[in-house]
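Two complexes follow with chain A in common, the first pairing it with chain B and the second with chain C.
Presenting the complex of A and B:
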């Protein structure tokens, strides 16, 4: 059913039930995301896509649009709030971009650039979370995990559909875990998918490091905003139609 | 600006030939800029010089009191703009940073180390004693028949328990991330500020690595 909603004062016609992040992108309005993957069930974990709908703050990826919604995306307070959310993620882990294999291909880093983060307003915590290197084809740099749960939900054992990744513990002691036996059964393309689906440098494919030269890395070729707004290209890029 | 005392002598208090009055007058008109390194690798200070010939275009307006070329410990007079490279990892860094804050109108963190601690802050994950033991006592390159010693002398600045970003020690006005930031990025910030434009790092040149 065709409906009308308002995004930042502009009237937009779309289909009822479409995801708000997608509706905004189709109309040239960038809403940053870290856990959301177009075409996959919504996770709603990172909250970086928070916008104001009819006066209430809500994560846009969790919201199917309906008639008459008044959506504010780029109000100054919302821009600052989303930037604060990114800054929180940067201090909660150890996001040492200069030494990270994912640099230039990292959604968190690219989103930081896009939101204009130059420093975090929060104190850096420098947590120590042991890395997990037991699996044959990939390892976990746990202090980079932002608990988006993309890997937990979308990377499953091909034969049994069991989860390979999981989160153990709560709060500051939570950490990402991997089922070694299941992980060692992952075919190479699934290993690569797991590494790519990770929006930070937590899941790293063994034997693959700083492959692309500086200047030719994923988000240097096309920024995260351009990818988000260029619907066709970004779908082809991530392989999720 | 510091004055020498009985324990230390600053270069600007040493006897020197007076500068040509015309040159001095011309220089007094200019915006004074300085850059110093704390706990970093001096890569960001080199990035300042990576402005290359673009620097010449700024020299009508600015004069650089301290850089890698003029390796003085303290700036001899108040500066409009101070760039800081490196985080705070020892007592000398604290003293230098406070001195710069007191003598610069605008203070800018340049590079990952100044902004959040950078590579030196990797030691923040462990206790300082573990870090020093790893480096000096249990080091794989320790001399086998020597008594392991963690260096200590009153002339060696005492190391801080953790590495701190500059803004956790003094107020910093602006931040240029990067490891190091490009010379062109530092140039843009400097050019904006001396021409009265606001600080602005668009996504296209903002880098954390």
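Presenting the complex of A and C:
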């Protein structure tokens, strides 16, 4: 059913039930995301896509649009709120971009740049997190995990449908885990998918770091905003890249 | 059976199960859930042989009992816990295997709930309720006595493995603190003397049940519950704790008039859910009735986890059948065949009693097949035990937990009335709401409507604790003022009142005494904690913030990360190292957490700070310090330089060692 909604004062025609992140993108309005993947079930974990709908703040990725919604995306308080969420992710783990294999291809880093983050307003925690290197084809650099749950939900063992990645503990003691036996039988394309699906440099494919020279890395060729607004591209991203 | 120490050597085990298996088990045992290495003692090895014997056929039996149904994982984990006294990795691995889950997947669930342990937690596991009310009533002395007498430090076991001692958030007994659970038994009004006595009896070989229930009352008897805990109801009626009840007559009547009339009555009564959100109960039932689904479910939320709240415990103890009746009525309206009471583990001592009451209900043909002889009306209720997670009070987290998963709140929409338990339309109602429904249908919408005020009809139960003469349960009609309630509970020198627990608001009696209880003013969710002028409000705020840090499920960024920063800010204020900027940041970060979090936990967790900043700005201002020069007062230059110096010395020493190794 065709409906009308308002995004930042502009009237927009779309289909009822479409995801708000996508509706905004189709109309040239960028809403940053870290956990959302077009075409996959919504995870709603990072909250970086928070916008205001009819006066209430809500994560855009969790919202199927309906008639008459009044959506604010780029109000100053909302821009600051989303930036704060990115900033708090930077201090919660240890994100050392210059030495990270994912640098230039990292959604968190690219979004930080895009939102104009210079330094975090929150105190750095420098947590001690041990890396997990026992699997043959990939390792977990836990310093960088942002608990988006993409790998937990979307990467499963082909034969048994069992979870390969999981979260242990809760709240501040939570950490990402990998089932070594299941991980060791992941086919190469699934290993790559896991590494690609990770929006930070936590899941790293062994033996292939730093392949692209500086200046030719993913988000240097096309910024995270341009990619989000380029509908064809983000659709491709939901499959394999 | 509980885990116990058996002196068996590693060699013996190796002989029994072979080298490789023993090594594997040994490895598994020495790593805890965080992957950290445990102290290498022979204890786990000794326990292992017992487990190997147990595992031979017990785990397949557990799996069989639940037909290898993954959604019953919580029950199966409890079975493992009862078998071993904790949930060892090797047993979990066998269970996971039988359920076609990876071990890590099962660990996800085990590690979410704090009553599940991944390593031995003592032959007797003691949980001391750590609440702000307990801390006003001698908590520290009781904890010290427990540590001294049991030999177990809080958070660990004594060297013999007899006692494990842990703190736990509010167990729903704030009117009789300090309180501890020993396995499935509860001891109230603890003193150092009482603790010494209990521990010495346990050491002499008496079981917790024998100590708490010396006359051996049957566990399904109300006398047993009354022996363990007091249920003090100071003010009841007109809605709650009413007798007598002719439930068959009520149900017959409701079935005769039909579901639409029932929904109409509840809607006309303007009954709002008593769980917290205040959503219209009539509308919830209507939406659930209209939702399409092959099956539908009724769930009673008895996960009363909000610190300071114990009114649902009182209802389950004194009016369990009115709760069941509400569920049967909901089932008749929405068309459900199955109902679940999600009971928090802290109320385990009520379970046998509730089972018995359910049985009595079945005998009256109010549950089971062809209820009251009406063909096709089949409905029954089972009790699902929780395992320690405040966040499961959120209805969608509760549903996840009922499905055997981590209690993570779901993304909404879809709402449970459309897709809830097992993906089917589900009506989740709080204990108190279900009793109110029963009462509305007994007395009619007009009667209920005549109680309370505009927007807030009827009455609500309040669990009262803290500085007052008569703590306990009070039924208060909406529209009553705070001062009126304070006077009827005999408040002593009241200064601040925490309304609805940590997630609610803290008000100054001086400023807010004449405010009225109701959804448009003081929306009370069932608890009042009263603090007199001698109480340290900042340390209470800090305690509440620590509670939210501990109980955040961690699924979303703002709640997981933001509450830690908010807690640390309160600490900074208390230490006298905060300046005005810190207060401004508390407000701004608090608003971030409140507005961007996924569920009500993060949506309310900054409240202790935000509401005290509003009502008691002076307690913060008094602790502030002026910024001198360019550095923030929270930055300790001396300490930072010392840290650096320390690191330099350590590194130099390491390098020297390396160099001398190389020379050798």
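Note that in this section the second predicted complex is superposed on the first by the 237 of 241 C-alpha atoms of A that agree within 3 Å, B and C clash if a C-alpha of one lies under 4 Å from a C-alpha of the other, contacts with A are read in each partner's own complex, and residues count from 1 in each chain.
The rule we apply is simple: a residue touches a chain if its C-beta (ideal position, glycine included) is under 8 Å from a C-beta of that chain, and two chains touch if they have at least 3 such contacts.
Model, not experiment: these values are computed from the prediction.
Chemist: After aligning the two structures on chain A, examine chain B and chain C and state clash or fit.
Modeler: Once both complexes are aligned on chain A, chain B and chain C clash.
Chemist: Given the touch rule stated above, what does A:123 touch, chain B (first), chain C (second), both, or neither?
Modeler: Touch partners of A:123: chain B and chain C.
Chemist: Of the two partner chains, chain B (first) and chain C (second), which one does A:150 touch, if any: first, second, both, or neither?
Modeler: neither
Chemist: So in the superposed three-chain picture, is A:218 touching just chain B, just chain C, both, or none of them (first/second/both/neither)?
Modeler: neither
Chemist: Going by the touch definition up top, name the partner, chain B or chain C, that contacts more of chain A.
Modeler: C
Chemist: Touch check for A:98: first (chain B), second (chain C), both, or neither?
Modeler: It touches chain B, and chain C stays clear.
Chemist: Can A:137 be said to touch chain B (first), chain C (second), both, or neither?
Modeler: Neither: A:137 stays clear of chain B and chain C.
Chemist: Per the contact definition in the header, classify A:83: touching chain B only (first), chain C only (second), both, or neither.
Modeler: The answer is neither, since A:83 touches no partner chain.
Chemist: Look at A:112 in the shared chain and tell me whether it touches chain B only, chain C only, both, or neither; answer first, second, both or neither.
Modeler: A:112 contacts chain B only, not chain C.
Chemist: Report which listed segment of chain B has C-alpha atoms clashing with chain C; options: 4-12, 94-102 or 130-138.
Modeler: 130-138
Chemist: So which bits of chain A does chain B touch that chain C touches too?
Modeler: Residues 123 of chain A touch both chain B and chain C.
Chemist: Which of the residues in chain C end up touching chain A in this complex?
Modeler: Residues in contact with chain A: 33-35, 100-105, 107-108, 111-112, 389, 406, 411-413, 549-558, 560-562, 564-565, 568, 585, 589, 592, 595-598.
Chemist: Please output the residues of chain A touching chain B within their complex, sorted ascending.
Modeler: Those residues of chain A that touch chain B are 90, 94-100, 103-104, 109, 112-114, 116-120, 123-124, 126-128, 143, 214, 223, 225.
Chemist: Could you pull out which chain B residues touch chain A in their complex?
Modeler: Of all residues in chain B, those touching chain A are 109, 112, 115-119, 121-122, 124-126, 162, 165, 167-168, 174-177, 179, 201, 203-204, 206-209.
Chemist: Under the definition above, what is the set of chain A residues touching chain C in their complex?
Modeler: 42-48, 50, 57, 59, 62, 64, 81, 84-85, 88-89, 91-92, 121-123, 125, 130, 146-147, 149, 157, 160-175, 177-179, 182
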